[in-house]
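Across the two complexes that follow, chain A remains constant while its partner is chain B and subsequently chain C.
Moving on, here comes the complex of A and B:
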């Protein structure tokens, strides 16, 4: 049997073609467009770094960058900790636990649009939550009409929707924690909290770093939650707009500024890459310890 | 091997440069003549399945009138229509006849992507109402880039029960912006009910009598004192609770939903909305009040839809003939009778369907709207893009929240609109 050197490439070709066409080419195209003043209908000239200079003076960019950063810090801690606690709860073998595991995972597979609409109805000024608050004698809370509360509400939705996914990752990691470590600690007189802090957490540290990285990247690139809860407006005065929303608002439509939107996308890419590199470094340090 | 790899990488890097959309413009001018035959594609905006039979009937009639022609009808859903047009326009593959409102036709026409009907088919102009034809012109530059297909306008709807609850006369709805403010404040103070569900749009500024554009159509000027005056009225209403909190972020659809839920007392609408109230909100329909639109100019606002022929069409004679056929008096009248819209052709409104009431609310609204269209104005400037709408909504929200003065907010939105216009 003869082995031709190009045979492996033939197997790779279909997948490679898809990646080239739908990932690599648009990515390179975005980099080129970032240095032009192109609009949605073509045309445009190379403008050097003008788009990036404009970005520095654009208050909308700074508002969006601030909101995306706040979002990152708002969702990462709960998404690292809560799914872990949830995983510890549902790993127990008690009757009916499968129901709870499924229930916690359901938001992950639910459509983002459906989730957004349900939460909009819940948090509306005349929605279910405010009706309960009013019935209890409180004043209506402007969940969706105050720019800060809108961001917090969107973060809550992200955490609620993401918990099940990270719970599954933790469940897989928990299965790999050696039981004899727990038994040894127990023999030494360690209680459940002590065992959690001294055995479970150190064993899960690499998984926690991974969850932190994934949730940070997703948090920084948030779009659907803020878009749906704000009805596409980015909150009153656009004060809750995130970076991806700003890219969408700037670059879409027949009058979209594709050049500037591409420059914004490039900045988003660099920041996201930075986040991933930090994680990689953290993971390496873990390995060295 | 090394050379091959290098060549491949250079080639890869060159691909985006070639395809990055920095292409040139197309020519749209010149008279069009030629035989009407061959295949064309006609794209509509969310007409299936409600109007499938009607459109198929029009297509069949055209094909019968012009043997040898084939019209392929493609209907796109409402969601993502803009993206579809944008993608096709960038790729130079727009269908031969497309349904676009004036504000979508403007950027396409500006790039030379639509056929100028004043040059290609000047005799068609006489078929249509002047204000309909004008809606597809580029202000200050002339040229018409779409056959007006149908028009719409409407009354205001108000909730008589909510008016009564606040001690307002349910038979005296506001007719001017001043009256609207007075009644809105009373409604908010006495019954904590908001009058409106939306902050002012560009059409509201025009209805208030604000000058939107400079005479040459090259700059926006609605930050003039009258514009500031209107925003101050809205600020007073917002502070008093006469606008729902969501007014700062929601659009026309969201505002309509608040009215249907009886959380606001007044909304602009159309004959189509009345049918929706009847089926979706019967308790509201029982208390519905219908009145003339609020305007300081003496004219109501009119909304236009039309069909355009892209300059890149390979079969312009047939596309133009079909565009004119779809929008001719007979076809528009048939469409109007089944859909609640109004024809844009001369004399179309003299049909008894638009002049005779039969005792129903729908007919009353229809006849009043048809009368209103006689001198209604398409107040939405074709240059006013979705980015500009968003900017207006955001700056108005800042003014309502007291982050900026109304004057400052309008100065900022006008500056942004003028930047985007260039």
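Moving on, here comes the complex of A and C:
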């Protein structure tokens, strides 16, 4: 024996304590609370599926669910495609390429708050983007004051912030695409676009599915971008509120409805899990084909 | 000629990626006399007055200190605590090892946003709301880091520790003297990403902190935007204060950042 029986548990103690107390227990408690009418003070009575019945009739829930869903569909296609093109652009070892890669990654490391504030200023009614729009002869665009445009603006910010991250993932995957396939296609007279569609994309499909899954899950859980761009309000009349924003608004503060917020959290979890399962399914099919 | 187009495209993306940062920097350096709405990247008369000015309206240096404190504690706890747990999972044989591993794996699958409210209840029952301890604790030892380090320890060849075992070194001595130094690369990645997550975190501090004196930079900035939205120069100075340290860290250690993405240290 190389160690005493209790030694491993001493090593594990801090980690297990943190994870059990601050992840596993709150998660299980969230599921229980979702079926109660607990308020800001906790406690509460078991109320069965009342919270979910209430949700069905709650227009705020439907607005938030719609916005988070729209967000998911808005950010996934550009986040799957643009970083791939970016990776192809920075793949070749031309002079200075390290500098460009570094620069393209910079938005990833900045906090969502910094990014949100930077873009709030850029998209201001008199901000830089609108100055350019005006200079080009257009009318000012109400990026942040129109509730639909606010959501689109936030999506653009999410895409801007996420591109560098997925670019790095694609770069790693591209390094594993056998070069001879490309060369063979080139010999057969396939142009760059044809080679991209017939060689690169099929070889990268598993990575693209992974990127789709990550960006979908993150997109559905969007909070900071919309919060910051709307100055914390969720847009005019709260029309741009997302599901996580609704959880935060419903569950916190002195009037916090912990039970109802937990029910909303459970819905969020089920959707997130569903998205991951769909992806696993898609990738398994890949293997069979 | 094709190289020309490639560089033109690279420069175009470059402008989109770092242009917004430069515009914010430029705004933060513009004096009160200059119209910040004019699309002019170069300040007429660059001044640091806004950096002093932002500290007059909100305690921005206190925010920065709070952020730094939280981030440093987070890094230390994650490097040590996750390495200890990872070491036990990878290098020690004991009953219940699979179960312990499963607990960490399950924790990775819990999206933080879903436990936000009930985590707040836990913190309140511990009396840790509105404290920096309450900000640090939930992420102090991230399950993802435990598994990253477990994999790093698993990759070490078995013989590494054999000599030490023969010499009668106990598990802790082997962990500190042999195993830990061997996974330095992964530790750097864990440290870097723990720092970044902590420094950038917004949602949890927003929920758990209520007293502006305890604010970290991210919620302090959101607060600044809410109160002094009109003065873009001050908000810009605040954002530069928040982002500059990370950009510096990134430029110094970019190799490790890219490796971290490859190893899945960053969940996006």
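Here is the rule we go by: the second predicted complex is superposed on the first by the 270 of 289 C-alpha atoms of A that agree within 3 Å, B and C clash if a C-alpha of one lies under 4 Å from a C-alpha of the other, contacts with A are read in each partner's own complex, and residues count from 1 in each chain.
To be clear about the criterion, contacts are C-beta pairs under 8 Å (C-beta built on N, C-alpha and C of every residue); 3 or more make two chains touch, one makes a residue touch a chain.
Note that the structure is predicted; figures quoted are calculated from it, not measured.
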Quiz item: In the superposed model on chain A, is it clash or fit for chain B and chain C?
Solution: clash
Practice problem: For A:142, select first, second, both or neither according to whether it touches chain B, chain C, the two together, or no partner. | Solution: first
Practice problem: Return first, second, both or neither, reflecting whether A:272 touches chain B, chain C, both chains, or no partner chain. | Solution: second
Quiz item: Between chain B (first) and chain C (second), which does A:236 come into contact with in this model arrangement: first, second, both, or neither?
Solution: first
Practice problem: Give the label of whichever partner, chain B or chain C, reaches more residues of chain A. | Solution: C
Exercise. Please indicate which partner A:258 is in contact with in the superposed arrangement: first for chain B, second for chain C, both, or neither.
Key: both
Quiz prompt | Where chain B runs into chain C (options 22-30, 76-84, 112-120 or 184-192) | solution = 76-84
Quiz prompt | Set of chain A residues, in rising order, touched by both chain B and chain C | solution = 24-25, 29, 33, 42, 124, 126, 231-232, 252, 256, 258
Exercise. In the complex, go through chain B and note every residue touching chain A.
Key: 12-13, 15-17, 19-25, 82-83, 85-86, 89-90, 104, 107-108, 111, 113, 244-246, 248-251, 254, 261, 263, 385-387, 390, 393-395, 397-398, 400-401, 403, 420
Self-check item: Parts of chain A lying in touch with chain B, wherever the complex brings them together
Solution: 24-25, 28-29, 31-33, 36, 38, 40-45, 124-126, 142, 144-145, 230-238, 249-250, 252-258
Self-check item: List of chain A residues in touch with chain C within their complex
Solution: 2-3, 5, 7-9, 11-12, 14-16, 18-27, 29-30, 33, 42, 86, 89-90, 92, 94, 100-114, 117-122, 124, 126-128, 131-132, 135, 160, 162-166, 168-169, 172, 214-215, 217-218, 221, 223-224, 227-228, 231-232, 244, 247-248, 251-252, 256, 258, 261-262, 265-266, 268-269, 272-273
Quiz item: Taking the complex as given, what residues does chain C use to touch chain A?
Solution: 3, 6-7, 9-10, 13-14, 16-18, 20-21, 23-24, 27, 37-39, 77, 80-82, 84-85, 87-89, 92, 94, 97, 100, 103-104, 106-107, 109-111, 113-122, 124-125, 137-138, 140-141, 143, 146, 165, 170-172, 175, 196, 199-203, 206-207, 217-219, 221-222, 225-226, 229, 232, 235-236, 238-239, 242-243, 246-247, 250-251, 254, 257-258, 261-262, 266-268
